[in-house]
Amino acid sequence: MTPAAVHDALREKTRVKLWEPVLWLAPLAVVALFPGSSFLVNQMAIMALFAISLDLVLGYAGIMSLGHAAFFGMGAFAAGLFAKFVMPEPIVGLVFAMGVGGLTAYVCSYTILRGSALTVVMVTLGVSLILLEIGNYMTWLTGGADGLQGVVMDPVLGLFPFTFDGVTAAYYSLAVLAVFLVVYRRIVNSPFGTSLRVIRDNRLRAYSIGIDTNRRIKLAYTLAGAIAAAAGAVQTHSMNFASLDAFAFERSADVLLMVVIGGTAWIYGGVIGAIVFIGLHHVLSDLTPQYWTFWVGVFLVLLMRVGRDRLIRPWTWFKGGPHG
Amino acid sequence: MAEEPYALSASGLVMRFGGLLATNNVSLNLKKGARHALIGPNGAGKTTFVNLLTGVLRPSSGTIHLDGRDITTLPMHKRSARGLVRTFQINQLFETLTPLETLAAVVGERSGLGSKMWRLLGADRNITERCHALLEQFRLLDVMSRPTSQLPYGKRRQLEIAIALACEPRVLLLDEPVAGVPASERSDILAIINALPADMSILLIEHDMDLVFSFANRMTVLVNGALLMEADPLTVSNDPRVKEVYLGHGAGTDETAQSEVRYA
Amino acid sequence: AEKPFKVGLIVPMTGAFASTGRQLHSAVQAYMKDHGDTVAGRKIQVILKDDNGVAANSRKLAQELIVNDDVDVIAGFGLTPITLAVAPIATQSKTPMVLMAAQTQANTEASPYMVRSSGTITQVTSGIAQWAVENDIKTAVTLVPDYAPGYESEEAFKKYFLAAGGKILEEIRVPMRNPDFAPFLQRVRDVKPDALFVMLPSGPGAALLKQYGQRGLAAAGIRLIGHGAITDDDNLNQAGDAALGVITSDYYATSHDSEMNRKFIETYKSIDGTSRPNFFGVAGYDGMHLIYEALRKTDGKAEGMAFVDAMKNLSFESPRGPVTLDPESRDFIQNIYMRKVEKVGDEYQNVEFDVIERVNAAGETK
Amino acid sequence: MPDMLNIEGLHAGYADSIVLNDVSLSLDQGETLALLGRNGTGKTTLINTVVGVTRRHKGSIQLGGQPLEHLAPHVRARAGIGWVPQERNIFRSLTVHENLTAVARPGSWTPAKVYDTFPRLAERKGNMGAQLSGGEQQMLAIGRALVLNPRLLLLDEPTEGLAPILVEEVLRGIENVTKNEGLSVIIVEQHPQLILAISQRAVILDRGTVVHQGPAHELRHDQALLNRWLGVSV
Amino acid sequence: MLTILFDGVAYGMLLFILAIGLSVTLGLMNFINLAHGAFAMAGGYVTVLLMQHLNVPFLLCVPIAFVVTAVLGAILERTLYRPMYGKPPLDQVLFSIGLAFIAMTIVDYSIGSSEQIIQLPQWLRGRTELSFGGHVLGMGHYRLLIIAVCIVLTILLQFILTRTRFGSRLRAAVDDQRVADGLGINVNVIFFSTFAVGSGLAGVGGAMGAEVLGLDPTFPFKFMIYFLIVVALGGTSSLTGPLLAALILGVADVAGKYYMPKLGSFIVYAVMIMILLWRPDGLFVRRGAK
């Protein structure tokens, strides 16, 4: 085998596959063809963005976070307040929110460097809940339990006003998601992205080959915080409203479910997880508004017991023994 | 005439685990290009000593110098960046990465690309060429695209050493590199070690005396955390104390007696 | 036939406030069972959506119902924050919004398209506040949850109480999720007021009652009074003896003595046999009545503001007693009853012993 | 008298690969069997199949006449099998002492006797398994198999990582337990000469089949055979 | 003052009883069972139903709750949980959250969503007050009972885990299931019984806790965070850790609410984060364990 073959083998993994751009564009077509789906698509896009952000720390860097809503919430409120008190331009607001989220995440990153997975889970969870309490306490700023009302956004790029049917919002969040997917794709395939996986797999060895593991983790966390904040900002922009639920444990838990459903350490895992989870929720809660949680539960149990791969290939269910 | 500083020099290292003195005032100097072996009974503190040198553990007292510069309090990754690299007695690998990715990550890291986010890992020809060379040298080309967790033990051991060499060490610490490697494959690893550049300083820990005596031109014996002696191989193998605590007298089966003769 | 008249019912059917949603949904079904599903030639179709008690969900659901399902009215809304979040949607899309649960006074101000079939916190609280003043309570501690309805209740109580020369020794605000009331009650006990005034969303109320008993607050001479939600008829039976003697004010009690109420309870129980209707239930029932009547009045035609206008000034006999929809505040002018928890037969009931007639949203008697 | 261990027509392997192909062998009480073969020929697989932690596809395994093949691993252990796994697999979060007591069964080998045999372990008694040096772990793995008080001891490369002097001691110890306590032993080793000296019988595996079976002392001096199957000149 | 301390201790001990089962499955078996709260809920509902419909005395309900949830745990272990042991932690999280969802809906469907209340016998509702030179110590009898049960359970469990071989066999089985099996440890039975006992303890916690914490179908998640805090702060090596953690949590929560009602749960989370930053592996780490 020649050096060139080695080179190709390494590049092969990171090449953009043919179906990927299709995947990025397909949702636009869905909204264009079925404008009624805009709310659903919008929500999926926002959560997909949030999910890939979590996957960067959870899947790639191996940091167990159960408080990722902290950054989503910071983004949601930063965007809302910025629009309300500074300027209602969405893109500037988005960038501002990302800055706030990234900064928050950077500060928080110092708390996640030590301890077992459970410790990290609890610290991240604790941080998000504390932010929630602070938000609740600062009612004068955040609106407290009533939420931040009266956010009105300018048209996107000065051209596309947010419409009541949610179509602009859906395009907007899809566009943001697409941009981030392209960026994200590049990042996880970069030396930096690889070093995160190295750290996740074996921190001692990563350290001993010369990686300043703490710094990399802080960087990844900051980045993820900024992306999560972008998701929060898009949510505020498309709803004209931010509520403290954005910080809630349930949101952190939901996004975790999405990432795991779709598969961790995989660019499209979060996207697929968001589509499946939100789609499922949507269908089930329409069918049985009272008991949809039951079926979600059944789905999760089945998914894990049958296995993600096998669930989508039912014909394998009855073949093969315990070793299969 | 100014003396050239030792490549690596440890003096008066002490390490306690609770009541146990795992390293008791140990000093050791490696010249540039040294071929030095560290032996001693099980639990004598050899691995602990390596852990102290590389920064996995902080010594209770004592100092460590690399090329004349004090690195006693330097974090592990900085020591490694300065060329002090080790292998582990128990493999420390990146299980979900392939050998190719692993080596590319290490080589990339050494080229200072580690925190680059906006270029692809495989974009750099220099990196892939270096990876190719390492894969070839360690006979990993055929498995380079399989996840590390699926490799047979022998290959895993070779990858362990390949990672260390990918770090471009100037001082290399090998902790039982052939542990668990079948006799028939030991010669491969031995050949690799013997072919390492002459100006690289190497400290070898091994219980396989064939390997030790064919490799080292200087030896240190640790017992109960303390330095028993440092000398050339012949002196060590003939020392009654070393026989007593480590090599044995061959009092058992005649077979072991025979092989002991070969050590000397 | 004309196209059906669609009502989007957005309530919490799951989560901590599920019982609110269940009450409303059952009562809406009860109303339709009693009055048929066709009005002025139009078939009434209710689309139920669960918002889990989360404002962002409700807002999305409302928008979806209006855009995709083309509903004519949105209704339900278990909590104040939810109502506030949805109000702009109603205004923007000119969709009438029938608020059936949340009680903060400011709610209806948030959109001209909103009418409310429950009551306001101030309206309800004014009753017990006046009673306290009249019954020789000089010092009090207030305990309310840390969100808008809590503040409003605290405010309303203080307004009457302070004006009459009473003294508030302490104002306690408890977090919305709180596992254990013991420390708060201990604090009250240490402060020793004549009475403890409490407003809590239904649910935790019962737990509070019990701990009140166990902490020996009653024995220490501290009376428990409050907003009717703390002796919620839905789970009053579970609280049992601990609730005996607690005095509250509210616009409805299951025990209300009228032919109409007996009929309501009967239909309600035929739909949900496990609970009895409470103040949410009756509001769901009356909310549907508002919709039916407005539709009847406009011969099935009205939309948007015209529909809201048709509801204004409607006056009718509800299971709770006579009500009139105040055109200004779009809230009911209704009776506020003083009740005391007693054991009637096997069941614990809020037994009405006094009534303040025709109270408006601001707590004033008209 | 039945053999201590009797393996007949054994096939075993992993999910998608069969590693052992029709292996048969037997062993008497008090005998030591040297199990040899190149890297990856199935020695560990054979040991593990007898222990029961690797899947058997076909064939029978009898211990002192009792069929084992359908028993769960822990039942086999109780029937008299002691195992030193190749990777040692010390229980990391147990102390040295707990590692011994957790599995100990009544008999002449007690933790105290293990400490007599390996004084080093006595010194590290309260240490966690994860904190032991490599060689100490090996000693503990051997001690842990002994306190099971087995009839048959399965040792998978027991001298790996031990200091030369300890290698001698361990081998002498194995001779002792077979002679004096009547244990049967199967031992896998990288250095054929070391164990052939203390074994009565020898088996060479290649690609999952037995390619040579016979008295140990004969094989020991049969350079050609050793060379052919083990690829080492000794 | 003293009363607050007393209440805090009682509250903490209640959390301990509730969390101890989780501490065993998570800490010792390395299995993340987020459906733990569902077992507690089951214990609570068993008690409520027995008392309401069959008039079973409260004190008898508690052991029954233990048995019922233990059997439930045992059945689920056999049928659903066992294959999940070796799976990655996140899969376990998803799986057990799914189970909790199912449990919540089943309770909601069959019993209803409203809050259930336990009617304590008269003698447990009382209160004893002592005073020491100006300080009054008021002790609710029910809380005294909680403390007593907690102490008995702790001693019993501590004995089992440290004085019997069961504890070390359990940890051995967790460390390396395959090798433990090969060395004569019946891993299945050990996991099975541990899981059943852990579930049973959750049931006891639920039965005792329904009175103080309230009981409705959202119970499994409402208190999950508290259980996790106890386990995370307590570390996994002994029972003393979780007990101490639960006491700190209980006292901090109660005192926080008493002195600073406005700050809500802030204090609890802040205390938790501070402790975890100070000791990332929990209050008590097994000596030298990494």
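Note that the chains take the letters A, B, C, D and E in the order they are written out, and that residue 1 is the start of every chain.
Note that in this section a contact is a pair of C-beta atoms (placed from the backbone, for glycine too) under 8 Å apart; a residue touches a chain by one contact, two chains touch by 3 or more.
As the structure is a prediction and not an experimental result, all values here were calculated from the model.
Steps from chain A to chain C, minimised over paths through touching chains, total 1.
Taking the CA centroid of chain D as reference, the farthest chain centroid is that of C. When you average the Cα atoms of each chain and compare centres, the chain farthest from chain E turns out to be B.
Averaging C-alpha coordinates per chain places the centre of chain A 32 Å away from that of chain E.
Between chain C and chain D the centroid-to-centroid distance comes to 76 Å (mean Cα coordinates, whole Å).
Distance between chain D and chain E, defined via averaged C-alpha coordinates, is recorded as 44 Å.
Those residues of chain D in touch with two or more other chains are numbered 131.
Taken residue by residue, chain C touches two or more other chains at 14, 18, 22, 146, 175, whereas all remaining positions touch fewer.
Contact of a single residue of chain E with at least two other chains is seen at positions 108, 262, 264-265, 287-288.
The touching residues of chain E, counted against chain A in their complex, run 26, 80, 83-84, 87, 89-95, 97-106, 108-109, 225, 228-229, 231-233, 262-266, 269-270, 272-273, 276-277, 280-282. The residues of chain D lying in touch with chain E in their complex are 48, 51-53, 72-74, 76-78, 83, 85, 89, 91-94, 98-99, 101-103, 105, 126-131, 144-145, 148.
Here chain C touches chain E in the complex through residues 14-16, 18-19, 22, 146, 172-175, 177-180, 182-184, 186-187, 203-204, 206-207, 210, 213-216, 234-235, 238-241, 274-275, going by the rule given at the top.
Contact residues of chain E toward chain D in the complex are 165, 168-169, 171-172, 174-176, 178-187, 286-290.
Interface residues of chain B facing chain D in the complex, by the touch rule stated above, are 17, 40-44, 46-48, 89-90, 152, 154, 176, 179-180, 182-185, 207, 209, 245-248, 250-256, 259-260.
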